[in-house]
Each structure stands twice: as structure tokens, then as C-alpha cells.
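Two complexes are shown next, each including chain A; its partner changes from chain B in the first to chain C in the second.
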Partner chain A sequence: MGEERKRMRFLPAKLARNSVGALVILAIALGVLVILSLLLSKTPGKTLRYFFLGPLQNTYYFGNMVNTAIPLIFGGLGISLAMRAGSFNLGGEGQLYGGAFVATISALAFAPLGFLGGVLALFLGAMTGGVLAGISGVLRMKWNTSELISSFLLSNAVVLIVSYLIAGPFMDPETNLIATGKIPESLRFMRILEPSNLSAGLYFALIAVLLVYLYLQKTRSGYELRMFGMNPMFAKYGGISVHWYRVWPMFLSGAFYGLGGGMAIFGTYYACMKEFSVGMGWNGLAVALIAGFKPVAVIPAALFFAYIESGARNAMLHSDVTFEIASIVQAVVFFLVTSSVLQQIGKKRRVL
Partner chain B sequence: MEHAVEMRGIVKIYPGTGLRANDGVDLLLQKNEILCLAGENGAGKTTLMKVLYGLERPDSGTISIMGTQTPIHSPLEANRLGIGMVHQHFMLVDEFTVAQNVVMGKEPRRHRFTYDLVTTEKQVAEVIDTHHFSIDPNKPVGKLTVGQKQQVEIVKMLYRNVDILILDEPTAVLTEQEIESLFVTLRALAAHGTSLILITHKLHEIKAISDRVAIMRQGKMVGDYSTASVDEREISRLMMGESVSLSIDKKPYNGEKRPVLRFDDVSVVRRNQERPLLNKVSFTAHSGEILGFAGVGGNGLGVLEAVLGGFLPITEGTITHNGEDISHDDSADLRRNGLAFVPADRLSVGSALSATVAENLIIASRKSYVNHGVMGKKRIEERTRTLLDTYSVKGRSHMPMGTLSGGNIQKVILAREMEQYRDHIVFSEPTWGLDIASSLFVYEKMLELRDNGAAVILISSNLDEILALSDRIIIFYRGTVVALLEAKELKQVTKEEMGAYMLGLKRQEGPNG
Partner chain C sequence: MNAVAIPVLHSAIAIMTPLLLAATGGVFTELSGMLNIALEGLMLIGAFTSIVFSHYTQSLLLGVLLGMVCTMALAALLGAITLYLKSNVFITGLATNLFASGLTVVLSFRLFGNKGVVVFDEVAKLPRLVVPALQKIPVLGDIFIGHHVFVYLSWLLLLAAGWVLYRTPFGFRLRAAGLHEETLVSLGMQPKRYRFQAFLISGFACGLAGAVLTLNLGAFVPNITSGKGWIALVVIFLGQKRPLGLLVAALVFGFADSFSNYAQGAWNVPAEFILAIPYLFTLVAMVLFSIYTSRKSSIE
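This part shows the complex of A and B:
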């Protein structure tokens, strides 16, 4: 018991130590933002005020910000699952877009089934992402093809195909947008913070985080997945199926992306617009990197990314900068999180 | 006369654990002498040498090199002061030639920018000649034997004009013959004016090579002695702090003897490789015996280990376990059939260093803790605590495996595999790098398993170990069985004779196995 208590007491210290790297990265990124504003804006004070405080100033902006984080949470979870198993999934863009598309057209097709049709549509969306990523896992298992490259290439192709389908056979002629028809109102998620767009998808995202956490830490399969990710030789030696854990984590990873895409449609967009999800896949990757592939840490990381995005949108509306400022800050974060050096700061050095 | 190295009051505390790895240690190295730094695992030998080589910063204490006191912050600085270190694990690029490896980081330049390969070769050849090494500077390192690779590491240091050379357990990976030739080299170096420190815990090596021996125990320096003035028993007593007998007590086994694991003409052939890795190997491991496998590195013992563990598919022949054909089973199948297996490579095969001790302990038995797919944390925790206790592992269940010392990591692996055992167990190099107390513990456990009727397969490059423990011995040379020594023959066989078999100078007549 005493031992248990001691561990609990050390938990905050450990948490602080583990997040030092991430905090340094965020500080640098925000520093870049300040410098950019000073250089580019005629009214830097105003720009920065809207950037930092804008997303928090009222429920509308705040809700929209949190809403932006929902697909990022799903993407971040997906990437984390793959990375914990030692696989790279760089196909998030296509998996999310493909999942969203399939979820949309399934929802339209299954409209007569009501609630059940919605569930089925989301499931099919998730399966689409899962199968897309799973293909890369199978290729890796069979021929040792790099899943990093194959998932990326496959995703690029999928994006083009889905865009064609949206602009061609599945376009809704009644709107001026290049988009599919809108899913029935009965299937749309409830708004939970009027007047903002924040939907009940948030609850699903939080449940997903909890489920992934429980899966990784409590289940046998999660244990096997983690052991395989930490040392595949050790896993094989311990009698864990190497084939299965090349494919399964990739599948799960894609499925979460696909589900994230479906959630974005059901909660926010209602129709699958051409290229509506550009960047969400990559941002999901960045979120997972900041979170260090820990499911629970995905939530703050996704909120941070959403914060930057809505901050930039706010600054753009009320001041004289363009939305690209958000892209630059996100790019800086992306660049820095990949530098493992910063990630390692504060982490305990291994004692041999 | 000034000393080559003078370390005074070195204290090194590892943050986090608060462990005093070095607790006020003094060390003197005279010029041109060979000093053995001896001690059990975790006595602080390697830490002390890392401090000297600039890899660890001491919390207090001073270092003087050739009479001048100086702090050492990095290996580069150590090199500049004439200190070199050869690590236990080689740091070489297999694709590069010997010469290119030697100059790496200190390449001769032409016109300041271009890499001068001609001069490189000439300079390295000179170093090799001066010190009478027998390696070809133009050969890719990947094609060298382990002993030759070690020579490259030493040449690397000599090229940097090092006159104080530290070797961390240099004999751990070498065969008897290679050790002998290493010792010849080291003596020649000392005669040439180099001062050497060898980290080791093998008693007969201390006696064979050193002028003086410095003994550490639990982070403290016990003392240093002229090697001639102490015998092995005395050194062992100083290292352990108590007297321990090195002989092993083996009782005859009177239980049922039945074949458990059987190899019939098993071959492993790899494409593009002329010689089969394993060539028609046949043997039977019986219950209640320790079947020892001996051989020089590269002659098939590693392949045998991989086959036994299900890592390498066989091309011909059959393997049967209790009469059941398991020729084409992979690791997962074998585990299901009750394979217990202690791999030679305990760090990259036997454990996941970033996983916790508990997670490492349950890998093979994980299914027994599952209830509807969920792992029973409490039961794992309890089981881990019991096992750590039984096997006297210094560590806790939630600590990452990588924070344990080498000996304790091995104990965790042993605990896991011995508990997993059903009727046969494979040990590959089980005491490699372990101190005497831990080794004795392993031997005890191994004999206990045998007395309880286990078929124990012991693969080891340590001849003393093989001879002391085995009921029968099989010797490998070039992937085939060249000798099978039965119990009665073991009483008379000498190490020299075994050496002759291992080197292919001699082989038994008639069918093997």
C-alpha cells in the first residue's frame, strides 16, 4: 500500500517531466507566431489579442474550436495505435476522406433504416479507413513493404478517387457546391453548445479516448500490441503473432481515421464536400506526436491544434493577417515534434 | 614517479534511483602496467571507467592524468588526454573496411576537405604492423570474426595515440583461443609503453594477464593487490565478501528417462550460401539430463538456438517433441507446446527494455491472467512480487526493465522461463556477463529442474560451465555434430581435447547423435 501511495505522489512530477519536451515545442511555436504578427501585421497587438483570446471570448468561438478538435482526436488516436505497435500510418488524409465519403453515401442510402442506418453508415466509414490502412499492413506482413510509403501513396490515390466521385456520380445537383447530398436531419448529431457548431460528436471522441486507453492498458490484445511495438523480436519470442500485429494496428488506425471522418460529417458538415478534410489527416499525426502516442494526452494536443486554427481564423476576421499564419504555426509545431531531441528533454536517461 | 591515472574520492550517484554507484573510490594506474578492475555485477566498475572516459560526470572527486589534475567532460577530451576505451559491444560499421573504421571521426584529409583513402590505408597499416596485429586493413569489417573486430577496436584507439587503454570485459565474447591471442597483444602493448585497465570478473584471466588487481564491491574500492600476492580464492573472497565454493554438487538422476526433444537429420540451408548453417544434426534430449552444446562461435550453435526457439525454419529433417512432429512450428506454436527458452541475446530478444518488469515477466504466460480479454492487474502484480522475491531480483514490478542491471535482467528472464517450463527448457549462454553469485544461482536452478525430470538443453561458449553441468555434451563444428561425449567419457575428457573437437582438428568416428 505504501508503495502505491508513493507512486501516486510522484505522478505529477513524472507528468511534468514527460511533458517538458511538448511544452518547449509549444512555446517555440507561439514565439514564432508573435514574431510573424510583429512582422506581418500593421496592428500586431490587435492581431495577437484576437489570436490568443478570440477562441475563448464567447461560447460561439469556443464551441467551434472544440468542434474542430473532434476529428483530430480520432486521427490522433488512430496514429497512436499504429505507432504504439511500431507501424507508421501516413495515409490519414485518404482514410479520413474516404471514411467520411462512405459514411455519407451510406447514410443517404440507409436513410429509411433510421437510427440503425446511421450506426451502420459510421461503421462502414470506419471500415473503409480500416481496410485502406490494413492493405498497407498486409503488404508489410507479406513482402516487408514499408507501410509508411504504401499508406501515403495509397491515400493520395484515394483522395483523388473520392474527389472524382463527389464531383461526378455522387454530386448533389441541387446545390452549387461540389458535394454529395445532405444526410437526413434525424441522423445529425445534436448541437450541445448553441449557437456554436459543437456537436455531440465530442462525447464520442471522449469515449473513444477512454476505450483506446483501456484497450492498450487493460486488454491482452493491447498488451500484445504494445510489446510488439516496443520490441518485435521479444514479442515473437514470447509467442505473439507477428503477422497479426503488422495488420491489426494499421487496420485500427485507419478505422479511427475513417470514424473521425464520419463524425465530422454527422456532427458538422452533413454533406461530404470536395476536399473538406484537407489537412485533418496530417494534423492528426501532429497531434499524436505531441501527445507522445498516449491516448489521454491526445485530448489536450488536439485542443491546442484546434486553438491555433480558430485563433488564426479570428485574427483573420478582426485584423489584417491571413489564415496561412495558422498553417505556418502548425508547420512549426509539426517540424519540431518530429525532432526527437526535444521530445527527449526531461525524460529520464536510461541507466545501463 | 607520477601515475598514468590517479582517481581520488570519486562519487557518482545516479539521479532518480539515488544509487551510489561509486562511493569515494580511489584508483591508481601505474605506467606500463596491466591492471584488472574486478568486482561483481553492479560493483561500480563500469561506472568508474565511464567517469574516467568522460561518459559520466562524477558528483565529486578528482582525476589526474600523467600527474596533472584535469576534469574530463567527454570521450573526445579523454582521447586528447591519451585515454581510449574499448566497449563490450563493438561500435563498428560492417560495410566499411578496417582502415575506414579505424580512422572514423579522425580521417586524414587532403586539401582540407576530401577524405584521403590512400593515406588512411597507409597509416592504419603502419599501426597494425607496429603492434603485430593480424588483420587486413582493406577487409570489410563485416567479414571479420569477433576476435578480429575487437582488434579493430584496439587499433582504433592506438591510431588516436592513446597510451591509457580501458577494455570493458574484453573476453566476454571471445573463444579460448582468441582470448589467448588477445592477451599476447595486451602484453605487447604494455611492453610498448601503454598502460591498460581491464574490467573483468573472471578469476583465471585476472591471474593470467594482470600485474595488479583492484577489487570493487558495492560501489567501494576494497583494495588493490599485486596479482602475484593473491590467489584466485582470495580474489573471489574479496569480490564476494565471503568465501564461496566454485564446485558444483551434482546428484545422479534416478527418475524416469524418456526422450523429450528429438532432432533427426535437421538441416538449415540458406540461399546463396554454400555451406549449410546446420548439416544433418541429430540428437535426443532426455528427461532428467542436461545436454550441453559446445562449439566455437560461427559453427552453428547460434543457428541451433534460433531453430529451437522457432525463429528459423528448417529446410530438411524432422524435430519431434514427445513424439509429436514440430518441425515447422513457429515461436507461437512452440510456446503453446510449453517451450521455455532463455535466449543468448537477453536485451534484444529476451526482454522489452522500455516495458515494465511485470510486463516482461508475463509475456509467455499472459493468457493465464486474462478474463474475457481483460488482464487481471492484481494477479499479475502479486505473481510478479512473488517471482521477484523467489529469484531475489533487485527491482520492482513497475520499473522499466531497462533500468535494471544486466544481472537482474537475466534473473527476470530466468524467473519467467523457469516458471513457464513444462518438460524441456533451453538455456543459451545463461551466465554470460553474470557475476559468480548469480551464476551459481542459475546453476542451482538448472540442476533443480534436471532433478525434477526436465530435459535441459544448455548452449554455452563457457567450457567450464558445460563441463561442470552437462550429463552429455555435443560438440559442433561447421554446423555438424563432430562429437557426442557420454557421461562416462566426460569424466576423463580434458579442455584441450574438447578444444580439438571444437576447432575441427578431431572428430568422432561413426554415426553421430
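This part shows the complex of A and C:
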């Protein structure tokens, strides 16, 4: 405990040193945004004001921004778990969408069970994502099939099939949307910041971050997972099951995506709409990357991502640019976020 | 039988062309030791810029050339950030894809006031190879002749790629960068230089691959590449990074796609299932291939 506290004391200094590079990257990304606004917008001042201040201007926009971050936190945690174990999960889109779909139809089917039915539905949603990702893990374990590519291919197919199911057999004829029926009101999460959409899903997201942190740092399995990710050969000779840690992190990663999908339904959408989750899977990956696969850092990274998206949405509503400028700013962050040259800025040179 | 098989094979050849082009470019980055997942984004930029420039210059040739220049510029950016700012190539690849899908929509909105499908009626159609004498050859004539010029160009480029990679000092050094970079360094050469050039080549080929997509259609559709760049990457792996392998893998994929198009018309299968078939097919092919290689390596 004492050692832990000592480490905490040095944290601010370390953070400041580490964040110079991060600030340079942010400055470049925001510089690109300013240039884009000047080039593309007839009223660049207005565009920029709504982009930067829009998400913070009132509780409605602020709450919606935080709400956007919830599925990203789950996705970011999932990716972090896989990446820590040295596995790539590129199937987040399908795992999240599939999980959301299964959670929705289960909630509709188990409605008579009340609260228990809701828990069961979220569990089944998580299992759906987990199994989808787990398949890639098993393929990797058995035949060394690249999980990076297999998860991506499987996810693309799943997205299409789920879309078919939503538009076909499971479509609710009573709405004009291409969507399933709405889950019962008793199962919907409470709104915690009226009038915004922010739901109690936020608490679950924060609990999930804590659990993943504890799992990775304080449990034997978490230690083995990290060890396997750092050096599979070393882990193998240390007696850690290679087979298990090819499959289990992938499964967990998909399960978090599936759960994130279910949370999005229970907290925000209530019905599984066709293609409602497009981009969430990739953004979860982005969040994990920015967070450096550290569970606690996933929270600010997800908020940052949500901020850029909400800013772009705001600028689109009130000015003359399209929402897609958000992807360009996000792309700039992506381009630079792993640059070891930029991260070295502000750090003391190590003497060789 | 022939009434089904010949049109399916004919369109398989057409469908495989953008895949083959992108894979031909991507095999350079792959052999130089870089996992280039940006093929998708590079193709998308190529697709957008080549039809837009064709529209403004009223010339297909100029449009395609300028489109390739733009794609190579993006590939150069990707290469520079990856190699000289020392970033993770996987992440910069994702960034390229995200950047391309955002930029094409933003530019399309700015230039044409439209975020959806933009139709370019006045842009000329791709010229087709018509050789009546050869077309009279039964079966083969029907399958191989009568495609647009890019189909034949893609075969020529594949040959050229094979020659460059396996018959020139540049190709040897590029592959050495991927196989054992210390060798290159010890000979006083910089692996980075070859990797950067590999990125440029992949940009060149993806520019062409993208141009095929839009110019063949006469329109730009947001995210028109729809996973083709990723499938080109799978083609590279399935083709074992060899020119002939690329051709076979691309053909297999083109056939799957073409057959599922046929199935949609013939059996009235929902469109989503048809669109899912190529992904599942590729997945199965990949799994079978990895079973084969793991068996082989365990025997050795």
C-alpha cells in the first residue's frame, strides 16, 4: 500500500512529462480542424465556436456527449484486453451490433421475467459478442489463422446478416423506422442528467473500467494475460496455457463489445435500429489506442472522442460543414498518436 | 450450363480487377515488411479523385493520372508518418482509411453539395477491348475478351510486379527489407527507403484500383470500396505474396462475388446475404488455407 502511494505522488510529474507529446498531437489535430474550417466553411468563426464550445454549452449537449462515450468505453476496454494479450480484434463492429441485436430481442422475449429478464438479455448480448470474437481466437489457437483478418471478415458478414434480420423477420411493423420493437419501459436505464440522453449506463461503464483494471492488475489470470501479451514464449515456458490465452482475451474483448451494444440499447436507443451502431466498433478501437490499452485511460480517451464527434455534430447543426470533418480530425489523431518521435518531445533524452 | 457459367466467369474477371490491382500494389508493402491495411483508404481516395478530375478535365486519361497522383500523395503521407515519425503502421493505416472516408464525403459535399451518390453522366465510359476475331473463340473468347482496358492493364502490371520483385536489384532489396533488414543495413542501404517506395507503389496501384470502381460505374458512391481493400489484403495472404498466387486468389474471390450476384437474381436470396457471401467465403478459404499450412509445417 505504501509503495502504491509513493508511486501516486510521482504521477503528476510523470503525467506532465508524458503529456507534452500528447499536447503537440492535440495541437496539430486542432490546427487541422481550424484549417479545414477556413477552407470549407463560409463562416469559419461560427463553425469553430460551435465545434469547440457546442458540446459544453448546456447540460443537454454535455449529457449527450458523455452518453456517446459509454459504448466507446466498453469497446475501448474490450480492445485493451485483447491487445494486452497480443491479440488483434478487428471485429468490433459486428460484435457490438450483434450483441445489441441479441440483447434487444432477448429483452423482448424475456419481458415477462422483469428485471431478471433484462439481466439475462444483457448477458446474452455480451455472450454473442464474446462468441463471435472467440471464434477468431479458436481459429488462431488451432490453425494459426490470423485473428486480425478473421475477426474483421466475420464481423462484416455479421453486420449484414443482423441488418437483414432487423429489416426482415424482426422488424416492428408499427414504426416507420427499420427497427425491432422497443424494449419494455421497466428495463430501460434511468436518465441521470435531464434533459439529455445520459443514462445510468455511465455507472456500469465506470464499474466496468474498475473491474478490468482490477482484473489486469490484481488477479492471477490478469497477470498471466499481460505476461502472455508481452512475451508468449516466456509465458509458455513459465507454464502459462498458450491455448487459453489465445481464446480467452478475444472472447472477453468481444463480450465487452456485445455488452456495450446492449448498454446502448438499454440506455439510449431502446430498439435495435438498422445500422445504428455504424462506426462504434472502430471508435472503440481508436479509444483503446489513444489510451495505450490502459483501462483507466480509456475514460478520458472515450470522452475526447465523444467531444470531437459532438463538436462536429454541433457545427453541422449550426453552421455549414458536414459531420464527417470529425473523421478527419480523428484520423489526424490516429496518424500521430503512436509516433514515438512526437512522444519523445519534452522528454529527457536517454543516454545510451 | 454454359449459359450460366460463361457470364458468371466473365463478370468474375471484371470483379477481380480492382482486387488484383490493389493486391499487386499491396504485395510490395507486404514484402517490404509493412502490414498495409490502408489499401482500402487509398483505393477510396483514388476512386473519388479520379472521377472528379475526369469530370473537371473532361479527359479519362488526365483524370486517372491525377487520381493516381493524389493517391500516391496520401500513400507518401502514410509512409512518411509511419517510417519517419516512427508510428505503428497498423494505426496509421486505420487513420488513412478514416481520413479517406471522411475527406471524400467532406469534399463531395463541398464540391457537389451532396453527401450521397454523385452521378457523372458526362464522364466517358471506360474503353473496352473489342477484337471480333478473338471473340469468336468458343468459351475463352467470351470470358476473356470484351472487358474494359483496366482488366488487361491489371494483368500487365502483375507481370511487371513479378519482374520487378524477383528480377531486379530493387526488388531484391525491397524483399530483403522485409525478410532480414539487418542484411540491408550491413550493405549500407536503408530499409526505410525501400519501404517508403513500397508505400508509393501501393498508392499507385490503389489509385488505379479505385479509378476502376468509379469510372466503371460513372458515379461516386460514399465508401464505394466497401471492404475491397481489406479483401485485397486477404488476397495477398491467400496468394502467399506471389504474383501467380495473387492472380488465383483474386480470381477465386471474383468468382465468389460474381456467383453470389448470379444467385441473387436466380434464387431470390435477400441482398444482405448476398453481400455477406464474399466475406464468409473468404473467411472459409482463409481457414482452409491455414489448416493446410499448419498441417504442412507440423509434418516438416
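In this text, the second predicted complex is superposed on the first by the 319 of 352 C-alpha atoms of A that agree within 3 Å, B and C clash if a C-alpha of one lies under 4 Å from a C-alpha of the other, contacts with A are read in each partner's own complex, and residues count from 1 in each chain.
Just so we're on the same page, a contact is a pair of C-beta atoms (placed from the backbone, for glycine too) under 8 Å apart; a residue touches a chain by one contact, two chains touch by 3 or more.
Just so you know, these numbers come straight off a predicted model, no measurement behind them.
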Partner chain(s) touched by A:33 [first = chain B, second = chain C, both, neither]: neither
Which of chain B and chain C A:144 touches, first, second, both or neither: second
Chain B versus chain C as contact partner of A:301, first or second or both or neither: neither
Partner chain(s) touched by A:227 [first = chain B, second = chain C, both, neither]: first
Chain B versus chain C as contact partner of A:240, first or second or both or neither: first
Partner chain in contact with A:133 - chain B first, chain C second, else both or neither: neither
Touched chain A residues, chain B compared with chain C: C
Contacts of A:187 with chain B and chain C, given as first, second, both or neither: neither
Touched partner set for A:164, first chain B, second chain C, both or neither: second
Partner chain in contact with A:218 - chain B first, chain C second, else both or neither: first
Shared contact residues on chain A - chain B and chain C: none
Contact footprint of chain A on chain C as seen in their complex: 77, 81, 84-88, 90-92, 94-96, 98-99, 101-103, 105-106, 109-110, 115, 227, 230, 233-234, 237, 270, 272-273, 275-276, 279-280, 282-283, 286-287, 290-291, 293-294
Chain B-facing residues of chain A, complex: 3, 7, 218-221, 223-224, 226-227, 230-231, 233-241, 348, 350-352
Chain A - residues contacting chain C, complex: 36, 40, 88, 139, 142-146, 149-150, 152-154, 156-157, 160-161, 163-164, 167-168, 282, 285-286, 289, 321-322, 324-328, 330-342
Contact footprint of chain A on chain B as seen in their complex: 14, 16-17, 46, 309, 311, 331-332, 334-336, 341, 343, 348-355, 359, 363-364, 366-367, 369-370, 373-375, 377, 396, 398, 400, 402-403
